[in-house]
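In the part that follows, the structures are each spelled out as structure tokens.
Here subunit A shows up in two complexes: once beside subunit B, once beside subunit C.
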Partner chain A sequence: MQALDIALKDIRHSFTSLFGLVFMFVVPLLIVGLMTVAFGGTAASKQQAFSVPVTKVVLANLDAGDQEVDLDPSDSNPSTTAGDLLTHLLASGEMKQLMTITTVASAKAARDAVDGRTAEVAVIIPTAFTKACMEGVPGGAVEVYQDPTLTLGPDIVRAVISQFADEFASVRIMTSTATASFTAAGLTPSTDRITRAIRQFVSEATANKGASGSLKVEAPPAKQQKSANLLATILAVNMAAMMIFYVYYTGTAGAESILLEQEQGTLQRLFTTKTAPAVVMQGKMLAIVLTTILQMLVLMLFSALAFGIRWGGILPIAIALVPTALCASAFGVFLISFLKTTRQAGVVFGGVVTATGMLALASVFTMSVPSAAQLGQRIALFVPQGWSLLAFRQAMDGASLGSLLTTAAVMLVWTTVMFVVGRARMARRFA
Partner chain B sequence: MDHGHVRRRPRPHGTTVCVAPAMTAIDLTIKDLTQILRDRKSLMFILIMPIVFTLLFGFAFGGYGAPADTRLPVVVAGDTGDPAHAAFIDLVESSAVVRLVTPASTDDQALRASVRDSKVAAVVLIPSGFLRACYDGTNPLLPCVVDVASTSGTTARNELANLSARLTSAVQAARMTAAIFSDSAPTTGINESPAFTFEQFTSVFRSAAAAWKAQPSAVAITVSSKLTEQQRTAGGFAHASPSMMLQFSIAALISAAGIVVEERKSRTLARLMTTRLSRSGILLGHYCAMFTQVFAQLALLILFAAVVLRVQYLHAPVATLLVTICASAFVAALGLLIGVTSRSEEQAIAFSLILMFVLAGLGGAWVPLQYTGAVFQRVARATPGAWIVDAYENVVQRGLGVSSVLLSCSLLVACGAALFLLAALRFRRQSA
Partner chain C sequence: MENTLAIQVQDLHRSFGQNRAVDGVSFDVLRGEIFSLLGPNGAGKTTTISVLSCLLRADSGDALVMGHSVSTEPRLVKASIGVVPQEVALYSDLSARENLLFWGKMQGLRGAPLAHRVDEVLDVIGLTDRQKDRISTYSGGMKRRVNIAVALLHKPALVIMDEPTVGIDPQSRRSILDNVKQLRDQGTTVLYTTHYMEEAQELSDHVGIMDHGTLVAVGTQRELVQSVGELDRIQLRLTGPAETLLDTWKTIEGIHNVASEDGVVTVLAADSNRVLPRLFESAASAGVRITSVDVQEPNLEAVFLRLTGRALRD
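For the complex of A and B:
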């Protein structure tokens, strides 16, 4: 009962401190709110598409054409070049959400626009582009001149141009392969027949167009229940990350009350009563665990309602939440055991908790960069916050109970080690 | 300055008295800097953490020069005997976006689980009898296990869709050949077209799939930078270095802002006010200390990045110096405002950390702004964090000179002046 009394006193103190409340609830929600704006809406909003910024493209079409066949019989211009078709495609309505096109007369003007930062990417269609498309000869590559700080926008432009060139290559490959086969078989089909076959092929290929092409996309087993929505994932992971980041702050701030009471002399007075030091520690620990649990529950509930974040089933979330609360509390006790005054605690707050928290967040910061994501995930596992984040991500992804329990077990190992060390140091101090 | 000297001032009735020299703003600056330097833990924020995080983020975003192999790992499994399997493997091997990996197990469940556990970005399963089905006239789809709710998954899906389109075009080539063959080949005795066998179909399919490998590249990438290729070897560090400098210059304000708070709480400020040092002198003294701290921090980090990480800060030294001075002026003003606004050291820490998160986040320190939405980018580009990162990137990535950083520098100075004014007003009210 004494431990509970101490815990209730500490909890009351935590929840009546405006500064504590701001750090526990307002700041994490504020940052996730910022993220929501960053990525263009809530996970539950109807407009769920990930908002890719529009790339400013300047285009110089230098294609001389000189082809024998009309590349676009549907228009009145008999000398439409591949460069014209590409220009038309890039400036078309379906590309408007990805890029804005400004045309210029020369390659120099296009490059100058990027150098002067009025455009992000310059597309320079060479004079021999039609020839390269029709005959597959080298020297007709489209130059994509880009700002060195960008990758996403230029990648999109490059992908669109590659797909365009692929369509020409398809026809070319089909014609040459078929012709070689006929020659080998001693056949000489009419040009008209081949043209008809190619038109049929092109219309079939056009009908097949779509984000997934000929793929039948299937979600990995545990993710089938989840919304296959990139925006929802980004917001959910960011919310979990912010929650964990600030829960560990709460753990440390809660443990700091030991130092505060020591400085104010109330701890010494408590030790003169019948309450054993071990019971005082239990009460303190209980207060931190309950405060962090309450903090996480409020943040999860609020974010579910405000941002539409799905946290997963009750059991998986409980498996992630309880060890996280224990680990954050032990983390606080461990850190505070190395300090003597509340002044030193400031450095711990700003330094150690932020540094370890940011290591854990490395997996979130690198999430948008496919090449860096794996390294970020590995680095995060060097700190307890990284394991807590992993547990919540597993719970949200509907991972198997086995893998979730393994993560929880690792967190409990962290908890035990940090608590044993912290408690031993505290016991020595108050002996 | 004459520290430690004792002046003798004549008294009206002829005697003299010893008085301490009047304290100046510079004395206050030196006192603050000594206090910061004595607190060895502040070195953690000023130097150790920014270096560690620059290395961490630099390596995460590609490390030195051209990143090793950042292509996404994918598995092609299923019916290995089907000619489409070998053809698709060839297509994946020629990709610049995805790379082929050999799975530990070819069991269907294990392969699907490897996508769930992020061991691979996608698994393409070639169905049994895929090409035969194509020969028979159906259009079978290629099952692709991928998590499209992740960025890696979406990127891999898009690339695999492109590669599958090439595979489909090879199938179409075989179909077209079959159709024309049936029309053109001499009829048999019973007036029937000769059959285009599955073997012939496979042969044409293989030739068409192989032809994709010989295609010349359709796109040539060139970069707008005044730096030579040898100078552009900093890779991921060219973004990580200015970003972490921004972040930790704000974080390092904790100590300096704490001194201002402590001065007020311990009533040292009240005592200072009784000296000849004016309010503006006190404020200026603290500001100069913060400016010197931030400037020295940035200078050391720039030196480290230039020498160790080969980030091209020294390519345009005047531009780098100008950005560093203006960034220091802005961050120091921010620190002064935190110092005079905070009621306790805890508040100073909280304000510093919150501002660090907001300004570094908006500045693109963690996630480069190009990966964020259009609205966010517009807002972010109007914040000082983005100006600092952008100005440094003009030098170290775009290879530009002084003229390219003038706008950012002007904005930073203006912003810093506004913050200083706010701090002065607040300080005046406090000390009135």
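For the complex of A and C:
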């Protein structure tokens, strides 16, 4: 009963500190809120994906074609040029989310449109574009004339054009190589067959004419769904990371009350009462555990409502939350046991808590870098915060109960070791 | 004999590194008395009572508090004592009443008995009107009074007070000293540490003088004075032919010395009460008029000076 009395007193003290409240609730929400704004919207709407603004493109197709080649005999145009194909590709349905195409008759008109800010990018397909694509002759470079203040939109346009040109180049190289090989082998290559091969490529390259078209801009359904939830995933992981970072901070700040009471003399006075020293420490620990649990519940609830973050089922979250609270509390007791005054606590807060917190965040920083993700996750597991983050990610990802319990068990081991060491060091100071 | 003793300290030792804070201290405190440990800062008073409060372990030796060993029965010791620490040990963000309720719970009190007891002690320290104000808004003296009240909540048989009047105004000091005497009148034993000689003189039934971790003397004030052979100092102003009178006074039994300076005659005597009538008789016989008399009995300051070779406040 006395432990609860001590815990309630400490909790009251914690929640009457404006500084404490800001660090417990405001800062982590503020950081994630800023990230949400930075990513251009909230994930509250499931329909809203990470979006790129549509680029206004004005296109001048000056390609004269090749009298000997009709790249698409299936259509009504008797002499389809590479410029026509590129125009068709850029104006296709797959590109609508990225760019809108307006065609003009001349290169000057295209450039004037950009200069007059009625378009953001001008694409000028030169007269010899088909010849350049088919025969590799010079003078076939497509000009991309852009608003210099833009980066992302023109880059996308340039990337699509490059890919188109590369595909043509690869076919040209393939046919040249095949022809040379046949000739070297004493065979006469069939011009018809080569032409058919090129046409097959063109038919597949042309939008809406083949599922395997190499220029088709299409993502598989699963990936599309993943993309739609990309922001939500990023925010959820970052919110969990911020929450854990500040929960461990709260654990340390809560344990600092032991030092504070020692300096005020109230801890020594507690030790002269009927209440056993072990009960006093239990009360202190209980206060930190309850405070951190409350902090996590508030942060999870608020972030779910404000940012649409899905934390997972109640049981998995409880399995992640309770050991995290215990671990953060023991972490605080452990760290504080090495200090003698509250003045030293600033060093601990600024150094150890932040450093270990950043190690745990390594798994977040590297999550979008496949080559570093595994290393980041391993580094994070060197500190208790890393295990807490892992538990929350498992809960959010719907991991099996077994793996979640294993993570929780590791956290409880951390808790036991840190609390026992911290308690022993504290006990040395008093009879 | 044991039933009459509240505290028995037996050859207590406690060091902090090379510093022997308490070095072989032994003394007894009777039940129902005020026992003062008098000594300058750093004499070892606080360390001694920290051991008696079970806050520190003795390196060697032991103490029985209300019949229980501080080394083997700390919980029983703690149940029978109330401790008033040197510094105010209260929660400044709580009110006086909230503080008292909390500390009462730590002493095992609950519910209506606790609330009733809190009302009682608030009345004793005269802070009933301010009970709902935060401690942070109190003056130093008011904080000291609440600090004492916390130790009285569970009606302990022994109250240990560590310099409870340091740094407070005379009015609050007076109030605290009166409270201490009230406690004794109610049968509570008080172990009181101070470096104020006046407080020890006013309060104490017995005094222990500490210096450099050792107890240099223990006894009543009178016993201590006698033990060091200190004399009463009688200062007189005379009118008339005093030269032959002073020679006469030197021959009176019990007078150790007579000196005259700037019209003031100083007489050192073992017992001023016995020699004063004879001084007046001989002055009247010699035709000398005594216009003023000032008697200074030797105090603890003088005892401390004689025992340690330095003043109490050095």
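We take it that the second predicted complex is superposed on the first by the 253 of 431 C-alpha atoms of A that agree within 3 Å, B and C clash if a C-alpha of one lies under 4 Å from a C-alpha of the other, contacts with A are read in each partner's own complex, and residues count from 1 in each chain.
What we mean here is this: contacts are C-beta pairs under 8 Å (C-beta built on N, C-alpha and C of every residue); 3 or more make two chains touch, one makes a residue touch a chain.
Keep in mind that what you see is a predicted model, and the values were worked out from it rather than measured.
When both complexes are overlaid on chain A, the residue A:275 reaches subunit C alone and has no touch with subunit B.
Of the two partner chains, subunit C is the only one that A:264 touches; subunit B does not reach it.
In the superposition on chain A, A:185 makes contact with subunit B only, not with subunit C.
When the shared chain is aligned, subunit C comes close enough to touch A:9, but subunit B does not.
Of the two partner chains, neither subunit B nor subunit C is touched by A:402. Of the two partner chains, neither subunit B nor subunit C is touched by A:93. When the two complexes are overlaid, the chain among subunit B and subunit C that reaches more residues of subunit A is B.
The interface of subunit A with subunit B does not overlap its interface with subunit C at any residue. Within the complex, the subunit B residues that touch subunit A are 41-42, 44-45, 49, 52-53, 56-57, 59-62, 67, 70-72, 109, 112-113, 115-118, 121, 124, 139, 141-152, 154-158, 160-162, 164-170, 172-174, 176-177, 179-181, 183-185, 200, 203-204, 207-208, 211-212, 215-225, 232, 236, 239, 251, 254, 258, 345-347, 349-350, 352-354, 357-358, 361, 366-368, 370-377, 379, 393, 397-398.
Residue ranges of subunit A in contact with subunit C, taken from their complex: 1-2, 5, 9, 12-13, 16, 264-266, 268-276, 430-431. By the touch criterion given at the top, residues 53-57, 74-75, 78-79, 81, 83, 85, 87-94, 102-103, 105-108, 150, 154 of subunit C touch subunit A in their complex. Residues 19, 22-23, 27, 31, 34, 37-40, 50-54, 111, 114-115, 122, 132, 136-138, 140-154, 158-159, 161-166, 169-170, 173-174, 176-178, 180-182, 185, 187-189, 193-194, 197-198, 200-201, 204-205, 208, 210-223, 226-230, 232-233, 343-344, 346-347, 349-351, 354-355, 358-359, 361-362, 365-377, 379, 397, 399, 403 of subunit A are the ones touching subunit B in the complex.
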